[in-house]
Each structure stands twice: as C-alpha cells, then as structure tokens.
C-alpha cells in the first residue's frame, strides 16, 4: 500500500484516520532477514539497488543479487564482489556476467540503445580496475561509454593526442592515482562536467589515495566533482545521471 | 580483607595502624599470573568483567572466561573472540554460546525477565556483526532488545516505515558505517537517548571508520552519544545501563 | 495544517487526494528568510530548538531567540553567543540571562522542580566554561544538577574524596581536557552512564582536543558515551534525556 | 597569432617551418606582470576566468577584475573578495555588484533568460554564505536557481515538506556543515545529480570541515559528487555546466 | 585529618568504623570555588602544585599563585602566564619573579644549594623560550642547570665543540623545533638519560610541532624520553626528578 | 608524423590546414590495449619510460618490459617487480637482471663509462632495499655511484669516519627510516645537493614513513630536496639528472 | 687507531699532520658488508649495540647477533626477532635465550647483581609482550626489575592495592594501550620518573596506538616521559639509564 | 684554533695530547648570548648563514644580520622578516634591501656575473611571494634566474606557450598551491631537475598546503624533488647548489 493508496482508502472511508496515521510512511520493502530489498528504487532513482558486496558473506551477496534479478526486469549490479559471489549466482541467473579486475557482477538487460557520450580517462595501467568499474556502471545505466587508458600527465602528449575525443564527450570521468593531476589538466581543457575518481594506486605518502583525493578536491580547474577513493561505481553512476539529462 | 574488615581489625586492636596503612587499599583480586580477575566488579558495576579477547592468546582468553564462569553466578561475555576460544571453553562450560559474526562468546544466566526497551538500528547488511554484538551485550545485561536492520538513509522510506517502533524505544542504538548519517536522522526524530556506533564498513576516505565517527560526533541532532568504531559491546553496555535506570 | 488535519480533510472530502499528496509532509514551520523556526520541536523532542549562534550574525541569533521566547512558553537556549547577542536580546526578553564564560544566553521558565541527579565532574579550572554549558543545559531541561570542579587525576585523592557524591548520581558528565583520563577513572568507579566531554584545553600534541577525544573513545572502562570536543551543550542535553527516563 | 594563423602562414610561405616551430603553441595571453589574463577562456570553457581574490592584494584583484570587465562582454566574478576589492572596482565598472556574506564581486551581463533548474539546499543559517556563493555563480552562468535554506536533517520534516521542489530540480546542490548528512538524505530521494558542498561550520572534531567532507565522500546514496570545503563557487560552476547540457 | 589520623582515631575509639568509612579517602583540599588547591602535594610529589595559567583568567591564576605562596614555604611556579598575571601577583608576593619569553611567574625559596647537573641544549634562537621554561623549572626543583643554545645540527661543529660539557651532564634536555634531529644526535653521544622537547618552531609541514615530535619519538638513538610539544616545564620537571635520584 | 613533419606537409601543400589542425598534437604512441608505450620519451627525457610494476599483473608488467627492451637500445627498468615478473621476462630478454631486495628488473645497455659521482648514504641495514633501488637507477642513467651503508646518527663517528668520501661527492642521496635525522646531519656538512629519501622502516608513531618524511621536509639544513617514502627510484633518477649537468 | 693514538703518533712524529687529518675521525668499525658493527659503543654508551631485527632478513640479524656475542663480553639483545632468528643463532651461541611474546633474543652475561629498582606496570593482558620487552631490556642493563600486570584504571582498586610497591620504586615504566590513562594516574601518585609506553592494543579510533600516545604526551601529571608506541625496549633502556644514576 | 692548528701545535710540542683531546673538536664560533654565529659556514657551504627571522624578536634578527654583514664580504639573507627588522637594519647596513611580499631582507655583494639558468614557474598570483623568495635566494647565490608567473594548469596553453624557455632552463623551480599539479606537468616535459614548492594557497581540504605537498611527493613524473610548504628559500638554495655544479 503506497501513499496514494492510503489516501484513497481514507477518502473512500475504507481506512480510519488513526490507522492511516500508522501506515502512512510505509513502502513496499521485501525483508530477507539480513537485508531489506527496495524494489521501488527503480521507480524512484531510475536504477535498481546496487549491491555493495564487501562486508557481506558471498552467500548473502548472492541471495540479494538473485532476488533482484528475478524480481525485476532492469539491470543488476554487484560491486566489489569476490569470484565466489559470481559462482554462487551464475547458475541461478545464467545471463549474469563477471568482470574480474573490476570485481563486478552484473546483468545487462535494457533494450534501448546507449545514449549520450561518457568518456572515461585513466592515468595508468594500475588504475584500470577502477576505470572499468565506472565503465560497466555507466553502461548498465544506458550510457554510451568510451575509455582512454594510460593518458597520465607524465607524458602530456599522450593526452593531448586525444583532444578531439575529449572535446566531443558530454561528461568526463577522470580516474587517477599517484598525484591525480590528470583531473586538473582535463578540467582545464573542457567545458563539460568532469567527475574525478582518486585511486589507491601509489605508496608512501600516498596514504591509500589521500594524495589524489586532496589534489582533486583542490583542483585549480573549475567544473570538477569528486567521489570517494577507488569509487568507480559512484563516478559511473553520477556520470550516467548527468549524461541522460 | 576489605576496607571494613581492616577498619574493624584496627578498632578491635587486631591490626596495628602501621599494618593497616599497608593493607588498606587492597581488594580481593584473583591472580592468574597474566591477568587479575576482579570478582568484585559485579558488585561495583552490576556486571561481571568482560573479556576483550583480542591481543590475548586463545588459551589466555579461555582460562579467564572459564574462571569467571565457574566463580560467579552472573552472565559472562568474551568479545572479539576467535572460534578457537569457544572451542577451548565449551567443554568446561557447556552452556557457553558463540555468535560467529559478532565473535562473541557468552553465557546467559540471569533469571529475571528482560526489562525496558533497547532498539538497535543498523544501516546495512555489512554492519550486522557490530549490531549483533550490541544486541547480545544488552541482552546479557537484562535489557529487552529489538533490532531493525538495513534501514540506512539511502532509502529513507525503509526507516520511516518503522516510526512506531522507533518512537516506542526507551534507548536507541544506531549502528552505521559509510557516512553514518543514520545517527543524525534518528536523533532528529526521537526524544530519547541515542547511542551511535560508527563501523569500519567503507573504503577509501572512510579511513577505517573515521568518516562515520566524525559524522556522529558532529551530529546536528542533539541527544547523541558516541562510542568507538565497531564498538558494539560498548554501545550495548551503555544502553543497558541507561535502560535500567 | 498537520498530518492529522490533512487526513481529516481527505476523509471529509475537503481535500482531494492529489492536493493531499502535495501537502502531506509539510509541518508548521515559521520562515524568517534566513532560518526556519520549528515550533513543533517542543512536542517532538521535549525541548525547544536550541540556537547555535556561532556563524550567525548577532542580529540573526537575536531575532531567532526573541521569536522563540515570544512564541513559546518553555525554556530557550542560545549557545556560543557573544555578549553582543545578549545585548540585542535582553530588552525584548527581560528575563533572558547570560553566562559569560559558557557564552550561553538562556531563559528559564519551567515551573516543575528539578528531578533526578546529574553530576558534572570537571578536571581543571580551564575546563569550567564547557562544564558550565553542560550544567545550564541540563538544568533548563529540568534536571537537578551538581558540579564538582578541579578533580583531575593528577591528584587522585581530590576525586576519591567525593566518592559518596559520585556513587549517588544517576547520570554523570565528565569534562576534561589534557589527556581526558578522568572519564576512564570515573567510568571504572560507577555503574551509571557516563557522558564524556573532551575539551580543547591543552597545547601541542593536544591538537585542539583530539587527545582527550581519542582517549575517551578508547576508554578501558565500559559505559562511557562521548560527545564532540567542547560540546558541553550536547552532554547536558543527552544527560538530561537519560536523567528523565 | 593563433594555431590556424600559424598554419595558414606556413601554407602561404609567409612563415618558415623553423619559425612556426617556435610560435606554435602560443595563444593570446595578456600579461599584467603579476597575472596572465586568458581572454580566450570564454571560448574554451564558456565562461570568463574567475578571479580567486584570496592571497592577492585588493589592488591586484581589482585590476584583474576591471580588465576582464572592460575587455569582454560576458559576466565577471571575483570570489572571496574583501569589501576593499569592491570599493576599488565599483567606480571603474559601475554595474559591478557585491554580495557581502558570500564575499562575491560580480557583473551580470548576459541577455538570455536563465535556463534549466538548479536547486540549492542549505542545512543551517550558518551555511548561507557558501550557499549564496553557489547561487550567484550558477546564475551568472545562465542557470535558473532556487534556494531552500535551513532544511537540515535534525528536523527532517522541514526537508520533507519541500519534496515537490526537490523532485522538480534538474541538478541539486547540497550545502551542509556539521556532519553533512543532508547530502545523503537528498541523494537518496532523487534521481538527479547532487553536488555536495561541505562547509566549515562546526567545531572541535569537525576539523574545519573534514567531518562533512568525509561524510559526503562516503555517502551511502549514489549520484553524489563532492567539491572542496566551503567551495560554493565550485559547486555552482559544476551544477551550471551540468544544467546546460 | 589524614590517613594515619583516621586510623589512630579508630584505634583509640574516637571514630566509629562507619564514620571512618566516609572520611577515609579525604585529604586536606582547600576550595577556592573554581579550583581546589592541594597543599599536600609537596609531601607527595616533592614539589608544590604548578599553575598552568592558560585557559584561566589572569585573576584566577593570580589568586591561586598568591594562595600557594602564602600558605607554603617552598617554591611556586606559574607557567604560560601573561604579563597581566605577574602584575596582579607582584604586590602581594614581592619576591615573585617573571621571565617574559618563558612566560613563567615564579618564586624561588629553597635554601639548599643546587645539586646534580642538568644540561639543557637548544637548537635555535627561536627555541629559547621553551628552553628557558625548562631551565627555570629544573632550578626551582633544586637542580644545578646549564644551558647551551644554538647548537642545532645544521652546524654540527657547534655541538661537537661542547663535547666535554655534554659528557659531564647527569641528565640532558634537548629542545628543538624544525626536524628535531638534535635529540637523536645527542642521544647517540651520551650514556645518560635524554629528555627531548619538540617545539612548534617551524612552518608548513611542521604542523605545529608534529614533525619534531614524531622525529623524537622515532629516534634511532636509545635512552630518549619525549614530552609534549613546547612543554619545557614537563622536561624540566622530569629532568629534576631524575637528577635528584 | 611529428610536429615538424606536419609543418613541412602544410608548407608543401600535402596537408590542408584543417587536417593539420586535427593531427597537430599527436605523437607516436604504441598502444598495447592496457598501456601506451611512449618511445619518444628517451628523446624528451633522456631516459626510457620506467615501468612501475605495482598494481599491474605480472603479465602486464612483463609485456611492457619486453616491448621496451626490444624496441629500443637504451636501458630498461621495472621497479617494485615481484620475482614472477622477472621469470616472465628473462627468457625473452636474456640480459635482463633482477635485484631481489630492491625488487628491480633492469637491463644495462649503455656503452659510455659512468660519469660524475653520486654518493648514496643509508642509515640502517633495513634501509638497504630502498638504497639499492636508488643505486641501480642512477647507474642505469649513467652515473658513477658509491654507497655507504649503516651510517646512521645513533653512532655519529661511523658517519664522520667517511668525511672524505662525503666531501668528494657531486650529489648525495640520504636514505633513512626511523626519524630520518641523517639527512639534516649530512645536509649540514656539505655544499652539494642532497636528495633525501624517507623509508617506511620503523613502527608505531612512525606511521609508515611519515616521521622521517616530515623530518626531512623540515630539515634545518639547507640544500635538501625530498622524494616520496621508499622512493629510491625517484631519488636515483633525480640525482642522476643533477649529476649529468 | 683511536683519537689518542692519532694524537700520540703526531706528537711522536710517526704521523704527519696531513695524514692525521684524514684519519682523525675514524673509529674502529667492523664492516659486514650490509652493516657496520660498533664495538666501541659499549665504552661510549655502557651497553652493546642492540639489533633491531625488523626489516632485516633472519640471516642478517643472526650474523650480527653472533658477531656481537663472540666479540664482546657484555650482554646482547635482538628485538622484534622472529623465531627464525633464534634458530639461526642458538647453535653458535648456546647461552642465547628467546622470549617468544616479546620477540626478544638475548644473552645475559653480566656478573654484578642487579641494582636499583625499576617497576613495570602494565594495564592489560594484551600489553604483556611490550611490558616483557621492557623487563628484559632493563634486566640486561643491570637493573633489578619488578612487574605488576593487569592493573588498568578500569578497576582502580587493583592499582591502589599495590601502593607500597609503587612508592618503593626508583623508576617506573607504565605500559598501556586503549586510552593509556594509567600513566596519568601513576604519574599523579609518585614523585619518581615515569616512563610511559603506549601500546597498539585497541581498535577503531585507537589508530594503532595514537590514542594512548597522545594521551600520555598530554598527561596532566608531571614527571612523565614518553617513548614510541610498543617500544618496550626504549622504555627499558631509558629506565635502566636513569636507575643506575 | 682549527683542526690543523691543533695538530700542528701537537706536532711542535706546543700542546700536550691531553689538552689537544679537549680542544680538538672546537671551531671558531662567535657567541651573541642568544645565538652562535658560524663565520666558517661560508667556507664550508659556500654561502653565509641565513637568518630565519620567525620566532626571533626583531631586535635579535637585526643584531644577527648586522653582525653577519659587518664581519663578512659575501651576501646576507634574512627570511620571513617583518618590516620592523628591515627598519632596525637599514641604517647600520645601508645597502641592505627589503622585498615586502617575500619578507626578505638581503644584501647583494658578489662581484661575479650570474651563471647558469634557474627558471622559476609559479601557478597563480597568490603564489608570488613564495616564488619571489626563491628568486632572491638563488640570485644571491650567484644564479641567473628567470621567473614565469601565472602559468597554472587550469589554462594549459599559458604554460605550453613558454616551452622554449622551459626547455632552456638548467634547473626548474615550480611553485604552486591549490593541487600543485603544475609540478607533474612540468616534470613530464623536461629532462632537467625540478624543485617543487607547495604553497599554502588554498582553503578547506587544502589543509595549509598538505594537498599540493602530497601531490608533489606523489608526482607521476620523475625527477622532482620537494621542499617544505612555502619554502621558497629552500627551493632557491637547492636550485642554486645544483645550478653551479
């Protein structure tokens, strides 16, 4: 029973005001005991609930993913999933796929052709898993995605050799570890939104991604929004939201 | 020989003032060589000493737990106990139980029915072990405890669908990782004490729980007290103390 | 028009379901342009909205405080208020009082005698302003409050000389800067909830209160909840909520 | 002489290859001695260079602002400008305006009506200056902007009372200090991009905005991009870029 | 009535056991309202209570210092005292002295000649105030103190030119800002205890003394104990305790 | 087609201005799919691209190293390479060598005799792997390198016993963990550039190298430049650049 | 050839001034290739060089320890040594002993009876390894050492029951994790030097020992010197230096 | 009496070995009471002692500067000097100059024409004072210095328009606040040493220069050495040392 149904029941005299007071804020939530699945999210957010698998047992992750795949008709995504999760899922949902570097379990299902143009730029080979997570996420949400890898600022000409592609993008995602300078350089070149993803690629005073995180937050270029360290999913999600405006 | 006995011995001339000076502050402490067990704590704090098993060998933990179980008649609790500890304990104390996710070894023994109403709210499935530690602790201390899981703020309606239970609680415990916003939202809804437990669930700039810890300490809602990251035990203990007032 | 009124209007046919959909979540909020005053908070939280004056102009703070004083019948509190705020308020609300060290502007108005027993313990003379903010807050919320100052652990006998008062309290607030060890010592003595307030009193590696904050969060004594550095208000508020259970 | 002109001169034999090698990468930059003004930026980024006035002398800031106003026909913006800067500018550029709380000096000049819909939500009165900087920036870049203030999560109904406006926005900016939970709550309600701005409003373990910054970066809601602490300008800029897609 | 007196009264039948239970832990503490003066400290710690004046009003500091000077016969010390404190004290206690750079108010009064040999080494001229606080403290506690200033490691020969004095000392205090390397160098030269005092002299990544603090805590030389940043008093106190063994 | 070729083609009429506009910034980059190899780097930077193997799969690292070895004639270096990388490389490139402690895979190939004089000083045995990485890097870049190990400041005479060698060096690299004081001591002795490398050798408040990093950045000796924690490669590279001036 | 021998050779005409210039600062250092052994240290510091085994290979550690044992007649100590080190050493030096929790390899050899009185107090069972390292170190340096374990402040009576032993000590070492309050409590009780050792025992906001480290550095009790986290060796060394004054 | 003189006196029988032992390590140091001036530094380091004026009284700074100017014939430099210092110095040393933004008091006196080529690149107008300190320092040490300001990466063409000058430099200094990306971009372009100076220009998560400091330490470009935040002096000094090789 949703908001409107409650109101209609009250209007029609089928529900007293007192009972309505109690029911009013409740929405349809399926309860698995250890997790509540929110099937209405696809209406509210335009995308099914994504399962963050870290900290859950593989069995818990698999059960949620299977339930989501079976109860809906849209794409499904599990992030930071160990291979074990995929093994537990693939028989129940044969179309489910797994990207090992990105640790993403996903089910593509939308019919519509991809739209817009999201360009993912990654600085080094070690940044690929995070970039790949962003690519998969944005694709699942309906975006047309391109990916340019290994275009870090240590060899500026590698980046500048792709100016055309850069200028054509509608939204850009920059994935970079080390000092994360790529976000500022790209941000200075384009007049489109740039989503910056710091990665934990580095060592010593990198402090697990703190260096590029601070670098990106303090970018001297305008138009740069930042997501958490290694959060390729978050960047892909935000870029796809922007892309479909 | 306790304080009163020392004083009585002095009054009765059985103890000289000089000897009394030496004995005066001593209380009954059982010495295992590597640990001193404080059997008087149950009088002083209303609860037996809890064994923090991390950093102790399983053998040390087990010996302390067994001694506590055999020497007293109240409940016993070992936190952060590896399965090995439980294996070493269960034969000597058959009623001992083990909660694997919460890593808690415990012995229930109180006769009185649970009192009051402690409500534990946890944000995500990954926060369950910490929440469960809080539940067990508060129960062992005599509280009636309920637990609502997976009510994080990303789907606010899941939380708002439980307003009745929330308004009925006497004390609330909020367990949340990520950004820990649940504590502020709950704190803004109720006029009861809220104990907030940040968890280490997160990554990158989460810094092992620093993000929700700072979030909870800076809550814009009043009436929120915070315990250490992942300290489900501390929250359950404090909530039970409050609950039995 | 509150929730019930909306429902009744729908029931009575005075409001269509569609219109109700729009109005439903709205509560009575007074809009000053730069702030929304929430007059219903006293119903919801048992206490009027408290005004955090830092970051507001004295004129803004004063206007909110006057409006709150004039529109309600309960106590009013402005924290971290410069003397200028009090000057702007005192003519419009003659009963308003000001505590200069605690920087608190407040209006006492409740008729009922104070209840329970909140004991505030502060470690040093420099911690007094924070302790005083806690005292005022808890008193405004109806608690009977006592305050023991200068009982830091460097002279343990000063604390131990007050064991009777400590054992009698229903809730304890411990205010301490430097290393904040007082919270652990008090927490080890009592079987009542302890609210610990780290203060910014210290220098060097104190890092503005970080030292006692971490100390209190890591207390080896159970039953200790922590609030933000220098947050005497938060401690007084939480203690009063607990005290009136 | 720009890129094309160099190429044409080479084609026409007016410039040798060697000379072209030297000139090739140079663009039209006006040099004031202490700053280089980039008049081509408006072509490249769709917006004139913004002057960050902190760390510059008022005289330096004023000179750059005047030069930008006189040489172009688009809007001009100086952020973090002391009143002194405005005094030095207003005679030379009579249409220049100043917003004192936001410390913004600006010149509106675009003819086209504002487009799209950027909604700025701010948590408390103390967050207003930062929110106002975001509003001005987005407006100067051509966006239609609305602002809802004082809708922090401590009184959730204040926020939920504006769900219609929230659902209508194309892009949302959330400005919040303290623990910054508003970003997660808003992010969980909408399926539009959310730009989160942590503010330095808070004290103690707030560490100058670190608490809401980490909170927002770790938001459990998807679709949230973060800018630097107190960076209302950056949020407004990014939101306007997105809004005009 | 002290411990012994309580016991003697019980022995002699002048005090009941119950009354003794109440009195036992109490020591003679003078109460000024905002501070408790501990006149027995000189018995217990061999030194009167030292007044940390920061965070107290000058009037509070002065009143405590005067009371200490008038009630005892030993030395008195107020640290981090603004000149105002000295002005308020000097008439009431004419022998009181003031060291402006060290911000120390003090009263020398011991008859016995200084003993032992404490050597204070300071790295740069900017470290002098902290070093001077150490000198005064150790002298007041009866130590013979020498001070070598400006012997930082940037000019190693300045230090090595004083090897004789260094080898003669019984206890050494090393006061250094910047990177604090002096502590390690001195610690590697002597077989006597070294008390290291990091100072806040530095900028940028010095972080208010964090750099030399960490440096000294991680000294590769053995025999080095560290006190808080700028804590000349603590170093002088500890050195004097060691010196008189 | 490089810059000059583009210009010449335009001059000769073989390329239109419009086509040249598109091609202009592109340089010769070989694309492996997961990495772009920059063969022109040896012209631009005087040294082939170095492969940072951490975060890459051994297969990826090996493929890049082999391609670099086969396509050029200069030295090749892979840093932070697990033994697996070397195993995958050594058959394809028989002259490739591996230094296990330094985790460096490298191929020496320059004909010219080493020039200049780079002196590497390391504080303790545990610092050897980092020092060795610096030695190998500088040697590959053509420098004559000497290495003095175990000359930490805890035994100053070990360092001072090598003053002649120290004074003879053209550039010095100081590798030190713990508190990193060696950099300041060496910096105070010489009038040559000193490159300081903090290492992660230490524990507790060392925070993975933060202590010597801050120490070296705050050195009271002038003429010291710092590289990242454990970055022996970076120090060797920078020293070799300086050495060949 | 030591300093005096150089001077005598110059006086006797056996060495020219120029040659002496070269030799002067050199001391007898045995070179193992990867480490320089400093046999003169026992003269200079009263104790042989201690081997910090972390970061060295077991083979390197063993070789240094054997060489030290064979070339001198005093005690030898290897800290943080894995069992493998002991296995490699015990055949060559049959009297070598190993303490597994403390990870200390050591050789007792002094004839003189232990002197003075060092008292080690440790807060919890998990702190034992660090305390034991302190005990072994101080004993090897000739001190009479006692150890009281499990006397943390959560049960204050356990500590106060040992006041006699506490008052009798000449130097005290306090080993504590969690919040480290024990150091302040002990420091407030005695008039002897206290060496405080924070341990890494704790979790969450303990940050690997940062909490007790800051706590101890900010102790409100005077006379407390602090060593690095888990540095039982450093505390035992410093205490022994003080103890033999 | 220096080393050689001591040795000669021993050789000639004018000094006994015992007396020589005492005198040997002493060098000529002038003692002002609060500072030791090291006139031999110019021989040892090729540059007179530089006076760091922060933390010294203007009188102390002035006295040291005057003494240095009067006793030597080389250049003199006082950094971080308030105008008051210059006022106190200029009469006694009429040739002394003052650069107000850089807060540098200096005396040029070398005859030889400047050599080499140090290029200082600064990112924004707010970075000018730090850049200017670097320029002055390197010039005083004999280097030919050029300065390009306002070439930050937000407008990459401003930097790329100066490639010729960049390629010509022998040593480069990069001064940048915000995220400090300029160092990586420049480091990727040249094959010369780059000295990177992070500045405190920024706000919020800039943390006083921490963001560009970490950025520069983690630069993906090789050949970059870093100095402390705002340490223009250190960069100029190091660059000049390198430049004159």
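We call the chains A, B, C, D, E, F, G and H, going by the order they appear; numbering starts again at 1 in every chain.
Just so we're on the same page, contacts are C-beta pairs under 8 Å (C-beta built on N, C-alpha and C of every residue); 3 or more make two chains touch, one makes a residue touch a chain.
Every value quoted in this text rests on a predicted model; they were computed, and no experiment measured them.
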Least hop count linking subunit B to subunit H through chains in contact: 2
Rotation angle (°) superposing Cα atoms of subunit F on subunit G, nearest 5: 90
Interchain centroid distance [CA atoms averaged], subunit D/subunit H, Å: 37
Whole-Å gap separating subunit B and subunit C, where each centre is the average of the chain's CA atoms: 26
Interface hub residues of subunit H, defined as touching at least two other chains: 124, 155, 189, 204-206, 210, 213, 217-218, 222, 228
Pairwise chain contacts under the document criterion: A-B, A-C, A-D, A-F, A-H, B-C, B-D, B-E, B-G, C-D, C-E, C-G, D-F, D-H, E-F, E-G, E-H, F-G, F-H, G-H
Contact set on subunit D toward subunit C in their complex: 124-128, 149-151, 155, 157-158, 160-161, 163-164, 177, 201, 203-206
Residue ranges of subunit A in contact with subunit C within the complex: 3-4, 7-8, 10-11, 13, 17, 20-21, 24
Of subunit A, residues touching subunit D in the complex: 44-47, 50, 170-171, 189-193, 195, 213, 217-218, 222-228, 233-234, 237-238, 241-242, 245
Contact set on subunit H toward subunit A in their complex: 123-124, 152-156, 178-181, 184-185, 187-189, 202, 204-207, 210-212, 214-222
Residue ranges of subunit H touching subunit E (in the complex, touch as defined): 22, 25-27, 29, 34-36, 38, 40-41, 49, 52, 54-56, 60, 64, 80, 198, 200, 208-210, 213, 228-231
